[in-house]
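Before I ask anything, let me first share the structure, which is written out below as structure tokens.
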Amino acid sequence: MRIGLIGFGRAGRAVAALLMQQDDVSLEWVVRRTSHGGHGSASSMLGVESSSPARMISADCVTAAALLDRHPVDAIIDFSSQSGIDYYGEAAADRGVAIVCAVSAFDECALARIERWSLTTRVLWSPNITIGINFMLLAAKTLQAIAPWADIEIMEEHFKAKPEVSGTAIRLATGLDQDPRDIKTVRAGGIIGTHEVLFGFPYQTVRLRHESLAREAFGDGALFAAQHIVNLPCGLYRMEDILLPYFSSDAVTPREPAGASGAI
Amino acid sequence: MRIGLIGFGRAGRAVAALLMQQDDVSLEWVVRRTSHGGHGSASSMLGVESSSPARMISADCVTAAALLDRHPVDAIIDFSSQSGIDYYGEAAADRGVAIVCAVSAFDECALARIERWSLTTRVLWSPNITIGINFMLLAAKTLQAIAPWADIEIMEEHFKAKPEVSGTAIRLATGLDQDPRDIKTVRAGGIIGTHEVLFGFPYQTVRLRHESLAREAFGDGALFAAQHIVNLPCGLYRMEDILLPYFSSDAVTPREPAGASGAI
Amino acid sequence: MRIGLIGFGRAGRAVAALLMQQDDVSLEWVVRRTSHGGHGSASSMLGVESSSPARMISADCVTAAALLDRHPVDAIIDFSSQSGIDYYGEAAADRGVAIVCAVSAFDECALARIERWSLTTRVLWSPNITIGINFMLLAAKTLQAIAPWADIEIMEEHFKAKPEVSGTAIRLATGLDQDPRDIKTVRAGGIIGTHEVLFGFPYQTVRLRHESLAREAFGDGALFAAQHIVNLPCGLYRMEDILLPYFSSDAVTPREPAGASGAI
Amino acid sequence: MRIGLIGFGRAGRAVAALLMQQDDVSLEWVVRRTSHGGHGSASSMLGVESSSPARMISADCVTAAALLDRHPVDAIIDFSSQSGIDYYGEAAADRGVAIVCAVSAFDECALARIERWSLTTRVLWSPNITIGINFMLLAAKTLQAIAPWADIEIMEEHFKAKPEVSGTAIRLATGLDQDPRDIKTVRAGGIIGTHEVLFGFPYQTVRLRHESLAREAFGDGALFAAQHIVNLPCGLYRMEDILLPYFSSDAVTPREPAGASGAI
């Protein structure tokens, strides 16, 4: 699979490093806004050995259309900022190149453009693109459906300097019909990011807990998303949609005998 | 819903108390092996106010067939011992009365009889009949399918005197293709029961953790199971089967625009 | 050691059961307000075998002075209500009988009386009398002194119906100079009581976490307190004071060689 | 305070970065075995702004004696390997320069030399030099002394590839008279390092839990140690010894009245 990366900040570098270590992935290029400090390939810049070309490209030197024609890719992974998508969006949509975007927010106009592009290609947009968090949301929704009487509490822990409530926690809350103002927000030390959904029953608790060990946590989610959406119809997706098919329902049919200790 | 309870030990009493507090449930009777200490109704014996008859019945005073004919029920909940099912199994199967059994183990002969009975009624057998643990098993299986490369560890904590490894932990292990000998077994103080399935990724962890707050944790699972299986075809079920339909899969279709903060 | 217990509600019964199972303790009597339902000894009422007399006494049948003269004790353990101490306080102070009181609050007048009584006997008063919580407070104060730059967060989890913020959490907060309004309060299911003090450093976290497994958690703390204060001078104590000597300071002297893997 | 650093591997770089950001510390130099790749100052090599000289020194270019005479320091912090101390040990001991060493192990001969050096300077050696872990060991010992009847379990979690049981966990175990073979060892994903000491009581649990958020966790412990031992008499110390004075014992004297909500 050929991938192009947009953005080379902290998250972008982490994702680039991860992609370059995958055998079945070729990181064709990395686009930054301008060419400052360092040239050539992301491989040498990050000190990561790789067979990927990983060409460092400046957005002010070549258009996305020209880049995609010269070095085509199957998917673009975007870890830049809100303006990044305007560089490649049109050209990607025209060529049916899949888009995996992890930018944190878009204004209404950008969203309108994204919708239009989703008519001719697949676009996945998730500010939090980790497999773990998106799994947790779906698993929590499932347990809520099983036991709607259970009490739910959402807790999130982050480094001291993070000013606002975790956007991920807010989405967990709204996804579970909880008031985001009830989110328990812990700010201490250098905690990278921890989220917990607690289900309280009369005589038991179930906790779903996600801990980020490093900011690189987004990398495998982005790759996972790219690998999945290239096979989907055109449209606009969230990470949730990619995971949902794994929560597969079998018709409830009788099982064969479980054996002496077969049942759980 | 009319329910008959088998067993009045610690777990049975807890379940009886819980059933008697449900508005939509009538606990018709509770069967004990012999009539020792206390008569009349479970309501007065446990000091729980209830509109349920909750007649205390001795197994040596009346056959299950006679009991079921005189005071029919929709489901029997069994928290007794391995021999309990021989009291009511045949009679329940003959009358199509659903059976929810939480006994910890059955030998081969008993299993053969249970299979036979499952031809004419619904039988659910789960030594661990809590909603939480069974949810965890299914959620863990789902995450394993999403990310088969993730490392899995299973931990269980129980009171100091519990000699053997948790049977629940063993089933979690085998359900996830893990070696039960790798289960981390903690024995300390009066811990009632805690189980955790840890998924380790390169840059994140996901923990599914279940804590029993009291031995009464089984009560709502037993009731949940009874309420669900009365609507199922005849056959032999595990708690897992009852929960699986909640892990519903939607076809992955494009979503409408998510809005400025719509994606997670 | 001879002990007299005041109060036979939920906590009192739990403490009585615990005391009666101690070899080196004789529970002489249990005082309730009036004699309702059940007589004789706490042993038979609770179904706990014991060599303790555990006489059930009604406060409206005998004065504390008469009771203490007839069946003297070394310490009184009080798990009743705010008015309980007025029954025995004067008589205990006159006779130098130690008092261990776990009542949650006292008004100013009661406190004045308690101070007066502490002139002639030892009085320990701690609404939360568990060894664990009091240890946690002292350990947290110690870590705060070692690393005053670390961020501190306090979290508490309780059953859904508990309306107010945990008094124990408030004391942890004030003991650590934290604003009680920053306490993270979780209300879910039937959680009995969990408290956590989190220390956040730039690259590590330290968590001190206490979980009550049952409301009987107070029992061993009350006994521990009683055993310790009988040896102390007259005065008014908190559970903290009883534990503080265990946080012992050695002069920092050079150590002998640690061996190949001796250092931690 | 003037500090010299030995070692510029992963841990050394992290410590150097931390030291260079302290206002009251001047990182005079960093010694590596040979001069490979990069010269000048650690500040420019790591991209950290600092007023510290942080001269990069090659051990094969200058002796420790000459270095200490030309650029004297108050303390040497050593994050190199077992052979590092032979570079500077003698020269530091001769000049009374304090040594803080975080190397993981020393053989018998090296230990004999270290003992000799400790006669003329202060040497602190702790393979795990984090404040958090060393605090935990002392706090755990304290709780064990308060409640010797409590059950203790030790758990440690690390990245999948770590082959051996955590040395830190082994020291926690031996420090608490626990069998190191009972340590619960979890290996999963990229977990940097988590240690937990669990105390199990009949009705409560106390957990002391330490989590490393990054390998830089050692930095503030090393600095803390350096700042403390420069004031101590000559001798051989462990991190434990530096923390112990904070676990201060007051004579147990009566407290003034606690007020209506004064007690905990």
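Chains: A, B, C and D, in written order; residue numbering restarts at 1 for each.
The definition used in the following text is that contacts are C-beta pairs under 8 Å (C-beta built on N, C-alpha and C of every residue); 3 or more make two chains touch, one makes a residue touch a chain.
Remember, it's a predicted structure, so these values are computed and weren't measured experimentally.
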Decide which interface, C-D or B-C, involves more C-beta pairs in contact, and give its chain pair.
-> C-D
Find the geometric centre of each of chain C and chain D from their Cα atoms only, then give the gap between the two centres in Å, rounded to an integer.
-> 36
How many angstrom lie between the CA centroids of chain A and chain C, rounded to a whole number?
-> 49
So which stretches of chain D touch two or more other chains?
-> 189-191, 199, 201-205, 213-214
Chain contact graph: line, ring, star, complete or other?
-> complete
Given the complex, residues on chain D that touch chain B span 150-153, 155, 157, 159-160, 184-191, 198-205
What residues on chain D touch chain C, complex-wise?
-> 105-108, 111, 114-115, 118, 125-128, 130-137, 139, 142-143, 145-147, 167-168, 170-172, 175, 199, 201-217, 219-220, 224, 232-250, 252-264
For chain D, which residues are in contact with chain A within the complex?
-> 189-192, 213-214
